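The two complexes that follow have chain A in common; it is paired with chain B in the first and with chain C in the second.
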Partner chain A sequence: MTSPPRRAGRLRALRDDGGLRALAALGLALYAVFIVLPLFMSLHTSLTNANPLNASSQYVGLANYRQMLHDSELHSAVIYTLVLAFGVTIVANLLGFGFAVLLNRTSLSYRVLRTLAFLPQVISGVITGFVWQTILTENGILNTLLQHMGLISQPVDWLGDPRLAQLSVGIVVSWVLSGFTTVVYLAALQSIPQELYDAASIDGAGPARRLRSITIPMTAPATTICVTICMITVLKLYDIITVLTGGGPAFATQSAAQYIVQLAFTSDEFGYASAVAIALLAISAVLALTMTNVLRRREVNL
Partner chain B sequence: MRKRFFVAVATATTTAAALLAGCSGSTSSGGKTTLSYMTFDTPDLTPSFWQTSIAAAQATVPGISIKQVVAPSTDRDSYAKQLEASGQFPDLLESITPSLYTSAGLLTSYPQSWIDANFLLPQGNSIKGKVYIPPTNSQIIPMVFYNKAMFAQAGITSTPSTWAEFVADCAKIKGAGMTPIELGGNDPFAAAMPLTGAISANVLGKDPQWLQQRYANSVKFADADVVSAAQEMRTLVTGDDFEQGALNVSYAQSITNFNAGKAAMYPMGSWYLGSVPKNEWNNIGVFLWPSDDGSQVVPFSVGGSMAVSAHAPDQADAFKFAEAWSLNPSNLKTLIEGDGAFPMLKNKSLADFNVTVSPVYTNSYSYVTGSNNKVSSIGWATNDDAMPGALNNDFYAAAQALFNTSDVQGQMSKLDQDWTSATQGQ
Partner chain C sequence: MTAPAFTSSPAATATGPTPPDRGRTKSTLRQRLSPLRVLMAIVITLVFVSPIYITVVNAFKSENDIDNNPASPPLHPTMSNITSAINRPDQLLQLGLRNSLIVVLCSVALIIPLSSAFSFWISRRQTRTRAVILASLAAGLMIPPQVVLLPTIRILTILGLDHSYPGLILSNVGGGYFSFAVFVYVGFMRAVPSEVVEAARIDGASSLRIWRSIVMPLVRPATATVTIFLSLWIWNDFLNPLFILGPEQGQTITTGLYLSLGQMQINFGQMFGIMFLAGIIPVVGYLLIQKQFRAGLTAGSVK
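Now for the complex of A and B:
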């Protein structure tokens, strides 16, 4: 039997936490309604041949999932999305780390530069796409500049040649994500005690050794965050590609997310689009969890 | 603690109410029925145009008020489908592709008697014999616009009527140090104009029922005649007949380039007529995409104005508004002058619309009014010849793909696979 003073303490704790629990319950309810429920609805739709312009739909079992195995356009979109995800993650993290090391100073000018470095992350994807389209188009700023500098004699097909268009998308998305990674790595760098560097210097460690033995291990948690966020962001990328290239030329830059939207709202294949979306969710979850586990273990080892 | 709990619940309730408030369909207020009307903006169909035209039509139907829903781009079909999926299908929709909605029973057809009484081609955009958008105007897609001065400079004295003459003229233009063809290759629909012209002229020109036969699976894109026609696109690519970096040129930039005399020819829908600069009116000419055998084929598309949703709350008033808007000559004046649209109203000549048009518009319009071989423009038809699902996008993409592959047969076979996917379950 609980003694009266201990029971009173528990009741007091309950009363004190009541507001927080209510807010937590509200958050969970909203999550359930707007995330979990649509997920299960999508899962159900993926088992049908739902078409918004047909009077009714029928249950087709796993037919939509089997169809994915023979859909070459889907394969191309997924392969491009995965290559883009890995490439952009590497580049954005290298850029972010590099900028963070360069900007890790306390003077006012560096604080201003840090704000500018974060700017790409603040601009919406649609505006980013429009701005870069202006830069990369045939008579755009980049070709004009390169021609004035005598580096090229004819405009380069940045958005017209399939390979160059794919590369252009990668560069733009890396630029956007580098803003995020710069800020995260900067925060990590600023949390490293200066004494560690001082002690290493006294022991004769040069800049490269200090980077390898102090900076990189101490920023391992930031790497985990940045890599995971970059991967997830690119795996569901839609807005920048839609505005920059529209998925062209000839679907060369079509991402998996774009393909899903096209299936749903142009081809009206809601059932198949839902199946592809569920599959993309599964791929993203597996990749994100694997990356996180590997990097977390790396944090421990380092 | 209790106060914090109630504040949290009140906040959640208010938030939910605000979220739900955005979901509203047609309503009635003050005795008037409100009808939602989906429109879209272009350089010529400006917000001011829509306001004026809606007000004029609304004046004839005092019992309604119109709530305008503006599509974020000119792809109004995709936007209409998104609205339908979210339970907000508009009551009135401007210039959509009715074949996409008729199988779901989303549209109400116009009274045939009214259509027969008012339009030159009453069945021009009919779906299984019914008309869902009044056939108020038409386009020829594509035509080949040309720069007369550049033709003269290249020593070309007459426009080509066969494919062989066209290729020879391209060679002459290149020989004179000029670019033969302007192409907005970055925009898929613009990139596909030569492919549209070649297949419309050489396949549908010989068999106007080809698309119906494709629906019946008795012909394929991979058949020899279609592959041969599509080969024309690849021939132009390998012959360097398009400008350098054509796939990097946007549709808007291609208009600017052609108007500035950067290329001698410009295959484009007849809506380009609305973009011919006044100072070039006497320098721009037009001819039809040349067929293999020289026969004239007009790749035609009958557009139209307003579709009426089957769920519009007041069908009678909705049709009154739609009919008033469709027959207003001022609306068509804007489309004629700004969009190069060819009017299809009965008992009306160009003069009745009080328009000022270029000589090249008048020449183009003669193909509409003349007796000739009009066929559906592949990828642009709005009648029973409209292609299923996303086939139009796949068709345009095939044209872009032909810039980087010589496998024309493969690209046409892919279109057949896309057709099969699009028609599954139909």
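Now for the complex of A and C:
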């Protein structure tokens, strides 16, 4: 910018701000167009019977929301998503915490192991889905290995049996998120001063007591982060399930996020899909805020 | 969520080394157990990463060797899986990698200046304005992408950008990624001393100039974090390219794999060969810059 002739200081400041403000405004405008506006459009569509085949759509009030009460496919998708969210969050946090405690040493071998532990988080959900599918499918790697070892005589249909498929999805998603929780817990462990442990040892505290009275309280903020992120991630999970099971068999592993996409792009029920999407947003928001609040309070109390 | 974690440079604190003499003088029992401990850690970690190991070794094995022992290292290594993956007539990998690279580069190149300029601007506003705007940006981190997908496609259609790369890139720039970038930058910009900014202003520098020549160099770790994570997330994104780009515009690496491998049966060797090549870029990238990666994750996750 060329420097303008000196005028009142305020005017000058405003004038100089122009370039920066234009950039900042552009950023905010794009956010408004691609997040805020779509959110309100979804809210509006959820009150209509919008459908790409109809030229115009009518306002139907809360009919779409009432329809949700009687939609058993939605109910099973929501229940599965919630069970998955809680199950995966618990498993990934326990695994990640245990892993972090195990790997919290500085020698080279531990550093290499730490590098490996994060790998699941780097790979895309699509690749994760395909690799695990090749492992878990009926004539896949896992059954071949188990049969070679003589542990099973008949192949187990990990992805074909509804219950087993639900479990398999849980294992794969926990695997991905454990890489994340491990790294966060490791960083938290490394910020605990060694003096705390030394003092506790002098006072006669054994390993179990040190874990309960030092390690767990000192990593409480990390727990808050890990639990919240795991929850949100599973609630909007789409790619891994789509590739691994496609929501099957018989919709047993269909997540709420997948159901929305199916309603919108396969069944063309825009209005109803938007209502379900808004409901998912509400569930996510309530869960995330409640969890954060509870865990924040826990951080203080521990 | 918690702001204080941003105030110090996370690169310095998050992965700070533990004292090397941790507990060494005290417990000889612990010393004697330490080889056992390493062994246990190695076994558990290897079990944990076994799916990745399976992918890598079987990418270089013949179908027969995979059937006989899928867990063994490639005793008769073959490149045939790799070459057949590269020589596919649909050019799945080459086109996918090229398209993903274009989307990532353009999206990140736009998000960095827009989000950092916005963060610098907002960090000098009144606290109330700032709180309101940041709260609405926080929503962007939490909104499931499925909620905004349909309207986003409608908006892009109105703009004439539906089913196009510019449309996908634009929706990336304005989407939740922008929120993430702003939160990382705002945290770091709090640590920029206001004296430096004031001094430059007195010297007659415009805000734009101060942002470009003073603030940006000072928040380089934030730029690193934002670049690394946005690149990874956009590279791995599946839902948006699948529906915003649609099938006729060519595929990114994620949607390409899904659309061409989801339908047909290919043998395990070819599957692992393709997965190995498709996954190698982010993995190598991570291995090269893993320190910044984990530091950024620890700081970034405090969103």
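Here is the rule we go by: the second predicted complex is superposed on the first by the 271 of 302 C-alpha atoms of A that agree within 3 Å, B and C clash if a C-alpha of one lies under 4 Å from a C-alpha of the other, contacts with A are read in each partner's own complex, and residues count from 1 in each chain.
We adopt the following convention: a residue touches a chain if its C-beta (ideal position, glycine included) is under 8 Å from a C-beta of that chain, and two chains touch if they have at least 3 such contacts.
Because the structure is a prediction, the values reported are computed rather than measured.
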Checklist entry - Which partner does A:L26 contact after superposing on A: first (chain B), second (chain C), both, neither? => result both
Next on the checklist: In the superposed model, which partner reaches more residues of chain A, chain B or chain C?
Outcome noted: C
Checklist entry - What is the contact status of A:W132 with respect to chain B (first) and chain C (second): first, second, both, or neither? => result second
Checklist entry - Just chain B (first), just chain C (second), both, or neither: which does A:T106 touch? => result second
Checklist entry - Taking the superposition as given, does A:P38 touch the first partner, chain B, the second, chain C, both, or neither? => result second
Checklist entry - Counting only touches as set out at the top, which of chain B and chain C does A:T144 meet: first, second, both, neither? => result second
Item to check | Partner chain in contact with A:D203 - chain B first, chain C second, else both or neither | outcome: neither
Checklist entry - Where does A:F265 make contact in the superposed view: on chain B (first), on chain C (second), on both, or on neither? => result both
Checklist entry - Can A:L119 be said to touch chain B (first), chain C (second), both, or neither? => result second
Checklist outcome for this item: chain A residues contacting chain B in one complex and chain C in the other 16, 18-19, 23, 26, 30, 246, 264-265, 270
Checklist entry - chain A touches which residues of chain C in the complex? => result 1-2, 13-20, 22-23, 26, 37-38, 40-42, 44-45, 48-49, 51-52, 54-55, 58, 66-67, 69-71, 113-115, 117-118, 120-122, 133, 136-137, 139-140, 142-152, 154-155, 170-171, 173-176, 178-179, 182, 201, 204, 206-209, 211, 232, 235-236, 238-239, 243, 253-255, 257-258, 261-262, 268, 271-272, 275, 278-279, 282-283, 286-287, 290, 293-294, 297-298, 301-302
Next on the checklist: Quick check on the complex: what are the chain B residues that touch chain A?
Outcome noted: 1-2, 4-5, 8-9, 12, 78, 81-82, 84-85, 100-101, 103-106, 185-188, 191, 244-250, 253, 389-390, 393, 397-398, 400-401, 403-404, 421-422, 425
Checklist outcome for this item: Listed in rising order, the residues of chain A that touch chain B in the complex are 15-16, 18-19, 22-23, 26, 29-30, 49, 51-55, 137-139, 154-162, 246, 248-251, 262, 264-270
Checklist entry - Taking the complex as given, what residues does chain A use to touch chain C? => result 1, 3, 13, 16-21, 23-24, 26-28, 30-39, 41-42, 45, 99, 102-107, 109-110, 113, 115-120, 122-128, 130-132, 134-135, 141, 144-145, 148, 175, 178, 180, 183-184, 186-187, 190-191, 194, 197-198, 201, 221, 224-225, 228-229, 232, 235-236, 238-239, 242-243, 246, 257, 260-261, 264-265, 270, 273-274, 277-278, 280-281, 284-285, 288, 292
